[in-house]
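The structure is given below, and queries will be raised subsequently.
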Amino acid sequence: MSADNLVRDLAAALAGIPLIDPHSHINPLAPVACSLDDILGYHYYTELAHSAGMSPGPLAKDVAPRERVRAIVGHMDRYDNTAQYAWFLDIARGFLGFKGNCIAPSDADGLFDAAERTFSQKDWEKQVREKTNLEKIFLTNEFDDPLEGFDTSVYVPCLRTDTLVFHLDRAETRDRLDKATGIHVVDAGSLRKAIAALFLHFTRKGAKACAISLPPDFEPAHYDDEYIYEQIRFHDCRDIAPGVFWLIAEFCREFKLPFDLMIGVNRRVYVNGVYQGQDLFDQRTSLIQYRRLFNAFPEVTFPVSVLTSAQNQELVAYSWIFPNVIPNGHWWYSNVPPYIRKDLTERLAAVPKTKLIGYYSDAYKLEFVLPKYDMYRRVLAGVLADEYVRPGVLSESEAVALGTRLLRDNVKDVFKV
Amino acid sequence: MSADNLVRDLAAALAGIPLIDPHSHINPLAPVACSLDDILGYHYYTELAHSAGMSPGPLAKDVAPRERVRAIVGHMDRYDNTAQYAWFLDIARGFLGFKGNCIAPSDADGLFDAAERTFSQKDWEKQVREKTNLEKIFLTNEFDDPLEGFDTSVYVPCLRTDTLVFHLDRAETRDRLDKATGIHVVDAGSLRKAIAALFLHFTRKGAKACAISLPPDFEPAHYDDEYIYEQIRFHDCRDIAPGVFWLIAEFCREFKLPFDLMIGVNRRVYVNGVYQGQDLFDQRTSLIQYRRLFNAFPEVTFPVSVLTSAQNQELVAYSWIFPNVIPNGHWWYSNVPPYIRKDLTERLAAVPKTKLIGYYSDAYKLEFVLPKYDMYRRVLAGVLADEYVRPGVLSESEAVALGTRLLRDNVKDVFKV
Amino acid sequence: MSADNLVRDLAAALAGIPLIDPHSHINPLAPVACSLDDILGYHYYTELAHSAGMSPGPLAKDVAPRERVRAIVGHMDRYDNTAQYAWFLDIARGFLGFKGNCIAPSDADGLFDAAERTFSQKDWEKQVREKTNLEKIFLTNEFDDPLEGFDTSVYVPCLRTDTLVFHLDRAETRDRLDKATGIHVVDAGSLRKAIAALFLHFTRKGAKACAISLPPDFEPAHYDDEYIYEQIRFHDCRDIAPGVFWLIAEFCREFKLPFDLMIGVNRRVYVNGVYQGQDLFDQRTSLIQYRRLFNAFPEVTFPVSVLTSAQNQELVAYSWIFPNVIPNGHWWYSNVPPYIRKDLTERLAAVPKTKLIGYYSDAYKLEFVLPKYDMYRRVLAGVLADEYVRPGVLSESEAVALGTRLLRDNVKDVFKV
């Protein structure tokens, strides 16, 4: 059997595994796209088109969706080398009946119309989930999300704590917290009560994880109650983030929720960037900043995503040593084949296989789950072939079992779904 | 067709593309080598021979060129595993009629004599340019270069600003600036005038870029005129570099010149190193240091080279987000196949193809342009084969078109040549 | 010949080279394992089992060895994807007559019994050395090791200086130094005398290197005698490490011993980790911290190991420029195939081949030398095939010669054995 056939066979076998996607930004009340504008409004396309020279004009709110789609598709021949373009081509071919091998500016209208027809089908969500072989998908919910109106056995709630940790200095956040919990935060005690109320609400609604994204220089810290009181009372919560984070970790312990850490993003680096296309990073960060956290909370599982591939070796080593640290997927700027291939190969060589969460889609609309997982499965199949099957370490079926573990088994075990 | 044949075919097709080399240190008044000493005096060979145990003796000025060549060639069997040795072997075979597969100490005299005969041909420069298929090559000119005596349509001037930015604290620099522009710098206003005069001189002579190499800890900054005045007047321009850099960026905007940033070099780390073989780096640097610059100058294109492959992911991400940031070639310590392969693969996966400047030679003598580009083209062909042709994403001819874009089209577009 | 056959042939040829292993933690008075507990007590297995969920219970001193082995083997199906598991499988198959392809919990007792029988053979050490084709192996001896009772032509002493440099602030260390040398340290002069006595003792016993492992933020410094005196006299040697290190480098120069630097480890990051499984790192470190050292001691050879693959490019560049800096093996968290492959490929592309120490086992028991070197040789064979033989740069026998240089010749030359 030729090399390519082996990879293709492995990828095909992996494609048969029902997915549980452990991280996304899906809105469960509108999980699928309504128009092609919803698809191409995904920040990857607006970023790449803008980076390749598209003016901000077409992105204005009052521009007709069809016009915006024309502009973004019109710039595709400048970025059709990218992995992100390949996702869109897969969507066009897999969901919209597109037959071509590449997308030309002249395809914009045809695709827009096809999307109108396709996405307006009543059972479109069901169709997408079936085609995607998607069993469950995790959400990322703001702390005051009522978590009502959807099936939480499919759309699994997850408590996003970015706002609580980093924006408690805003009166708006404290008002929202007040409203969501009925507790007015005046000191560490009432802050604990309020957070407890959130955890209670989320876990009652079936939440399976807590999550946060963190800047490169962040270091969690335990603050004593007096300091927290002073910050709340006299300083508008300005220097409180490391301590609020610590309190949340305490509740993850109490409520037995894994705490997803997504480490390394600096917000608003490119201030005139497109919506959601302003964030970058400083590669100079280290997991050593989390040593106290990992030591203090042995009972909490921390699925860790790092933004840069250069930090992957830290993630490998910390996961190899700390029982409560596990590598989680391939995030954002590392979510393209060259980084996935490198990082996955490294993780497989040195981290117990039961600790590897292979992938999550990070998708905003369900249509992206399939092309993103397809990209991952192709890379995974290649790595399994090169590192295990060809050297005679594993048989094909054993390699598929290892892949299944990364794609599904570990998600079930770690998040208890 | 076997795998190797595919790569060979792609490389052959790429070899047919006329080159525009966007960065070199060629002296246009003496662009080719006069003797083998000019070739082996390239710092790569003196560095490697010295690093492998050659005493500094043969590098002294008063040593006869033939003796020096014997010494450097005599140590080649200690570093014939390197990419730099391979360039020299290519020069020996391609330009000097050498027939062997490896170079022995006993080959020194024969090669020296062959070089004497070959390089003394009247049309040698023309021959080299033709063999190299070299249409244009960028220079790196000191700010007070008269830019006279050569064809600027072939040898394209580029304003090197290292001295202005980092050595304005030396009286000698200020004297040279005075002499070159007729403007005596006493404050921000006269400094602006002097820089404007340089830009005027350079652009009139056909300059197509401004360039600078920067230490790992550098961070550009806007200084107000009063601070600049005080620095010039009372502190011998000691703490002015970030501000002078900023002024130069302003003139790049005004004169519509791309500003090449070569980020990451620490000068004179190995103080007893060979000439030009004293510079190293600190991997701990970040493009976040340029966030203010990239935000403040959206109209200026910044072709960015990074010294270390670990920083390539930052370059990929910043180029994916900022329209005015583009990845530029593979610099110095990253200019060997393993780093080129990795960095190129990453860039192709996530940066719009219209923003990728594939390569520059960085050469001091024209003879090096061919072997260095050959090395790059072989790596490029391999990456195009592995990432695009074999997975069925592009046909062979489409892959050649993508390679052509990196090798030539983007150089034309970005630098407007 | 198929690709795999080429790699297999190269690996087979490399396997015939007698090994001189330049770094291990072998106890020469007990060089081989007495029981399977000695093998699986290696921190890699206790770490991985613990990280994968094994409670600390079985690691307690009073637990019977057979029970501990059952526990560690019992967790192997959680980490049988790792390189470290593959070493154990090789030991089981190569030394213990195991016939299976993977190790199940039920194999624990059989393997334990086989090990009892095998390891109790009188000539077991001789058998292991012969099977391993091991000529010499370097030790890592505490400064007050008497170095008696073993054949120093096989077990080569090496002066480990971690305790001297980092724990001279402990009265216990100063007592041990006092006892080992008969010199009571009260100032820089007596400290020098004491260190000289250690070097004399070690070199008389055939020591061929000095070694130390260093934290990421360490920077050697020359301290004047008065400062050292004050530190010793009034501050219990608290802030003296960089200066003691410098003195040791001076004696390496005087006694012509290479000084192995193992850079990047933070001790006791995971405070409740298993024995020897508590150390991690901060990727933010740079060889620039050693610029003064490398400049000040041109006569001392520094074989440098870095803990992280991201720092490999610094190691490549510093070795390419500094004659006295040479890359040394693949250490600890980088000692798995993906990092070895990457780092080795990079080193071969740009560092003189005479300066590359390919590998060391770092082993605590002789049984590990063979599987670890086998892993390395497979990777080395693959890199030689891909980078040299397949592109037509070297013939197979030339590639084997290059591999021999990395595996053996350079160890002999650098350490003068």
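Labels A, B and C are assigned to the chains in the order they are written; within every chain, residues are numbered from 1.
Definition applied: a contact is a pair of C-beta atoms (placed from the backbone, for glycine too) under 8 Å apart; a residue touches a chain by one contact, two chains touch by 3 or more.
If you're wondering where the values come from, they're calculated on a predicted model, not measured in any experiment.
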If a chain touches chain A and chain B alike, it appears here: C
Rigid-body rotation angle, chain C and chain B, from Cα fit (steps of 5°): 120
Length of the line joining the C-alpha centres of chain A and chain C, rounded to whole Å: 39
For chain B, residues contacting two or more additional chains: 284, 310
Touching residues on chain C, where the partner in the complex is chain A: 4, 47-48, 50-53, 78-84, 86, 266, 269-273, 277-278, 280-284, 308-310, 333-334, 336-339, 378
Complex contact set, residues of chain A against chain C: 284-288, 291, 294-295, 298, 310-311, 313-314, 316-323, 342, 345-346, 348-355, 387-388, 390-391, 393, 402
